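In what follows, a structure is listed as structure tokens, so that the remarks can point back to it.
In this document, chain identifiers A, B, C and D correspond to the written order of the chains, with residue numbering beginning at 1 in each.
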Amino acid sequence: MARQMKTFVMKNIGETGVMEKPVPEDPGPTGAIVRTTAALVCTSDTHTVKGAIGERENITLGHEAVGVVESVGSEVSVAQPGDRVAVNAITPCYTCENCLRGYTSQCQQMLGGWKFANIKDGVFAEYFHVNNAEANLAPIPDSVPDESAVYTTDMMSTGFMGAEHANIPIGGSAAVFAQGPVGLMATVGAKLRGAGLIIAVESVPKRQELARHFGADEVVDFTKEDPVERIRDLTGGDGVDSAIEALGAQVTFEAAIRAVRPGGTVSVAGYFGEGEYVKIPREDWGVGMSDKVIRTGLCPGGRERMGRLLRLIENGRVDPTPMTTHTFGFDDIEKAFELMDSKEDGVIKPLVTF
Amino acid sequence: MARQMKTFVMKNIGETGVMEKPVPEDPGPTGAIVRTTAALVCTSDTHTVKGAIGERENITLGHEAVGVVESVGSEVSVAQPGDRVAVNAITPCYTCENCLRGYTSQCQQMLGGWKFANIKDGVFAEYFHVNNAEANLAPIPDSVPDESAVYTTDMMSTGFMGAEHANIPIGGSAAVFAQGPVGLMATVGAKLRGAGLIIAVESVPKRQELARHFGADEVVDFTKEDPVERIRDLTGGDGVDSAIEALGAQVTFEAAIRAVRPGGTVSVAGYFGEGEYVKIPREDWGVGMSDKVIRTGLCPGGRERMGRLLRLIENGRVDPTPMTTHTFGFDDIEKAFELMDSKEDGVIKPLVTF
Amino acid sequence: MARQMKTFVMKNIGETGVMEKPVPEDPGPTGAIVRTTAALVCTSDTHTVKGAIGERENITLGHEAVGVVESVGSEVSVAQPGDRVAVNAITPCYTCENCLRGYTSQCQQMLGGWKFANIKDGVFAEYFHVNNAEANLAPIPDSVPDESAVYTTDMMSTGFMGAEHANIPIGGSAAVFAQGPVGLMATVGAKLRGAGLIIAVESVPKRQELARHFGADEVVDFTKEDPVERIRDLTGGDGVDSAIEALGAQVTFEAAIRAVRPGGTVSVAGYFGEGEYVKIPREDWGVGMSDKVIRTGLCPGGRERMGRLLRLIENGRVDPTPMTTHTFGFDDIEKAFELMDSKEDGVIKPLVTF
Amino acid sequence: MARQMKTFVMKNIGETGVMEKPVPEDPGPTGAIVRTTAALVCTSDTHTVKGAIGERENITLGHEAVGVVESVGSEVSVAQPGDRVAVNAITPCYTCENCLRGYTSQCQQMLGGWKFANIKDGVFAEYFHVNNAEANLAPIPDSVPDESAVYTTDMMSTGFMGAEHANIPIGGSAAVFAQGPVGLMATVGAKLRGAGLIIAVESVPKRQELARHFGADEVVDFTKEDPVERIRDLTGGDGVDSAIEALGAQVTFEAAIRAVRPGGTVSVAGYFGEGEYVKIPREDWGVGMSDKVIRTGLCPGGRERMGRLLRLIENGRVDPTPMTTHTFGFDDIEKAFELMDSKEDGVIKPLVTF
């Protein structure tokens, strides 16, 4: 009889639970099996359970994890059993048309690089399967602990992408809207790309404090002042070179368009969960002629990028662990999940250890 | 007493007329005076008169013209009296902060490179003044007649910009929404950038015919079929690499977002004249994570670019004159203007000769 | 006993011959077997035999071929037995670090994407094996015959790359040094990217004629005049925006650096076969401060790009077949090879049919 | 009689001296006069005197200075008399063809943006004239002292350009060859662009120490080990993503080509003063097919960029003053010049105060 393992699943819309599943034993020729050692709960896990991506039945949740390789397929040489590895939330095939075009997060179809807890079982389990392992397993340097490395799987990759897409000139100005974990990592990303002025928009004191810790020069509390006016004041009336939207809401998107100067870029790192439309304010968009650019993206994966993110931790450029506000054993994952859903107790990210 | 000249002006919102004004005599140290020889009427002239950019009093209309240099300032060496020149609709200063950033059409402020018939008198006059002439006067090669060269001042520059911003890969697929003069030149631009499949969306037969003449492989009549579905069919279900919006309307903008594949670019070349918002369809935008890019822009100017556009005519790559459906003498400019406003008689562009 | 097939091999440096080898029968999980239908001989095949890449023993030659799929591995879904396919000369894995960085022609190591007739048997055989078939098999549209499609596997991809890397502005000026098959396709590429002035440098009359046929506005015979001076004359003394080196020789490389204007790009599409160094003329390079850029590259592969190249043929943008000066049956491949080596009889490309 | 001022000039090749010249009084319509308050001596000043750019007679030396505006022309509004300003070493016109193309350092001709102490009097004088002042005067924030601000005029702009041109991916690896003042600022630039591993190549202990201070993770002493082998070792055998050449010598250029991985960029920030050719090692360049890129450039100017560089000082991102090893009054400028020429006493940069 197959070995069994514990998993944390979405039973169906609105319902989660712990369930036993067989340990995955066959990596297939191009895959790998990883034994989980640390994971993070993501707000999008809670969206998924509420039905954001439609019905799923008994799918294992979770997409942010590191672990130890258990087995690899015949075509995989990049890692061997026993190696510590980080696996990005997005695991593209790298051979479909969208991947070949360079849009690997859109593997096979729009958002199709997102496979964990979407089209296959996720990582909230004692073991998980990794497709296209040669490209998707990233060895973790010895000096980088799991609890740091696990942030490369989504928060650092997504937040930094927000900054990379924002086209920040060296010494330029950037505004980051919302300072949840993606926004905080976008703040770090803006600093890493050489922004000379970083303005974080956030009202929660703990997040404001972290924003300053991670590099914000100014923090604007939108409950106390109009953030667009404040940003214009801080930039001599011009607006910022680059704005990063890290919430996925009409109010921040609209403010980002208004706050960016002509020729500037609005980089979207948020997930827009509601409404038929996301609306561009026409006049602040220069009636379609302002040279403003709106970019979007989804957590870029692949071991080469992962290696660069891990190097930033290894060489002391970035320490993401101040975002870990809570830690749970895997036995208590339901509590971690509920906490992320309720956003109580000042939670930024709950770490789950195995 | 000052010499007088005839001009065609916007008296105030809703009212146009012919009026006498003094001939501009002093170019200033960095300017030039040009004697007009040919001009085109633009739909945006008709928008201006209806109040799209607010009230103006007795401002000379027109921003698409070529002519002969009458005089130049002390700091100008690029052209001399007697030289035939084309002057782009957009005449930036090239020394303000936005110009130095490379966003010359946003000179000094959003859309601020647009000076003719906006913040200074335009070109529907026997003479007109050109600011920052060293950068804004483009000598016309002998072999290029005025009636061709005049298209470089807006239609070719704007339409080609639509294609240049669209990030079309060599052999890639592009859809151009609307085939008015800007859309037709965007179709030419897509061909010039190496698109392997160009799909024009248009319902007016004369414009459909010109679209094919200028390089469209397929023409989709949106009154007869859903253009997004048709575009998907023509691209194996994927959508196009690049979509160019050349109308400035919600319906075409929205279709462009839907028609473009993940990672593709929507390039806006239209002027959005109405509504508080322009709306992005959230799901087809991949909830903000599709790697789709939305770019905007305003007719790039400057004599270096103008030189390249003129060269494309000179060397037989482009002949824009099939767009000239009507020709009027300057005495009949009111008729030309009315025709452009009514869009009757199959008008594409009315040429005005002096 | 294994089925046998005929192959044309490099026995060792300086020696070629026909030999029987077993038909490849096992595609492996990610590979495919293709039955060859048409192939082209490339000058680099002759270089290989002369020892340019070192010793090889009984390796099947050839890297430009189309054919019909015979079998595919378990992980391959993009093509099925019986499908007509083109396979690029470069067949990357798409999962190594260099591939993940986007430099797929440098798969695993410098130039490592080049596998046919280098690290595995090539295509001058009745059947050949394709690694990483999901990414490397490109279905051929029904309307594109083999003798056209086969040009996408190297000449079109390499020549166009020369133009794509050259950063040609729309309406800009480009010089293409040498009009062998790669240079001719670079000329086509420059036209496809919207160059307004294309200057081809070539002395052989047949190649000069083809250069004009494929889009050159001017042809400069370097045996009769100094090409750099002539290029400067043709560009008002400035030099060209972009220069494409399509020979791989000191003389053309040096001329390209001299002929390009400050800020311009020299795009290398040639193979530099000789010498310890390739030399940059220091002063014409602006003592390292001219903003001139030197790019290099190797025939980009992958079915997405191949699809775009095939579309350019399908939609009538490009017809490469005027380059086919000679046609041979596979039984006469030695004659084809000798002709390519001797460059006699005005040969551009010899086509081999199966 | 005209007011006289003291200047430090190149009398002719090989000879310098102090001389009196009339104070410039007329800025011209687009210029400005600046009273000098601080300046830096540059190694290129010493090259100029030795004849690197040919004969000059009694030209005032110096191109790195800040000061106070004395007067401005009628067309200048960006600064007023009494304003503290920094003026970049490069002062383009912004309206010639090369400027309009975006290559402002190549103003009018190759390297033509370099006007101070080249085609007009430089800044080693009590007053100096600034052409095209609207674009070239950068107001200095109150909180930034002259002795910091003066580094933006060349060292920071040139060194950072080295990093900006190097296409460093976030978390990527960069090697900087030579740690003179430009190299040190390239090291800072690499850190500002998010490099995850910075390797400085330098043998002088004081410069090694500053390299570490400014962000180098590793310092390689080329007198003790082969720098290319060491760089490969530090990058798992791959070579670096980006190499910055900050010396202008064959040995470092060649090492940079060898040290960069396929697809990587060699960014040249040095001035190559000798030899007819600069030589590319052919095999390490992948015989012209390695996707390696060689970029060049010359200190980008303009007040918008200067504003960003000043902001980096203002907001505490960069403090260049540790490079000031010596300070002299203007009366002692000959000593400062001689020190820079001899490179004695551990000099990095000598500051001259007025």
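Basically, a residue touches a chain if its C-beta (ideal position, glycine included) is under 8 Å from a C-beta of that chain, and two chains touch if they have at least 3 such contacts.
In this text, all values refer to a predicted model and were calculated from it rather than measured experimentally.
Ranking B-C and B-D by contacting C-beta pairs places B-C first.
A separation of 40 Å divides the Cα centre of subunit B from that of subunit D.
Shared interface positions of subunit D, i.e. residues touching 2 or more other chains, are given as 97, 101-102, 169, 305, 307. Taken pairwise by the contact criterion, the protein chains are fully connected, each one touching every other. Contact residues of subunit A toward subunit B in the complex are 97-98, 101-103, 105-106, 109-111, 169, 238, 245, 248, 261-263, 268, 270-282, 285-298.
Residue ranges of subunit D in contact with subunit B, taken from their complex: 29-30, 74-75, 93-97, 99-102, 132, 134-135, 302-305, 307. By the touch criterion given at the top, residues 160, 163-164, 169-173, 189, 192-194, 196-197, 217, 305, 307-309, 311-312, 314-315, 317 of subunit C touch subunit B in their complex.
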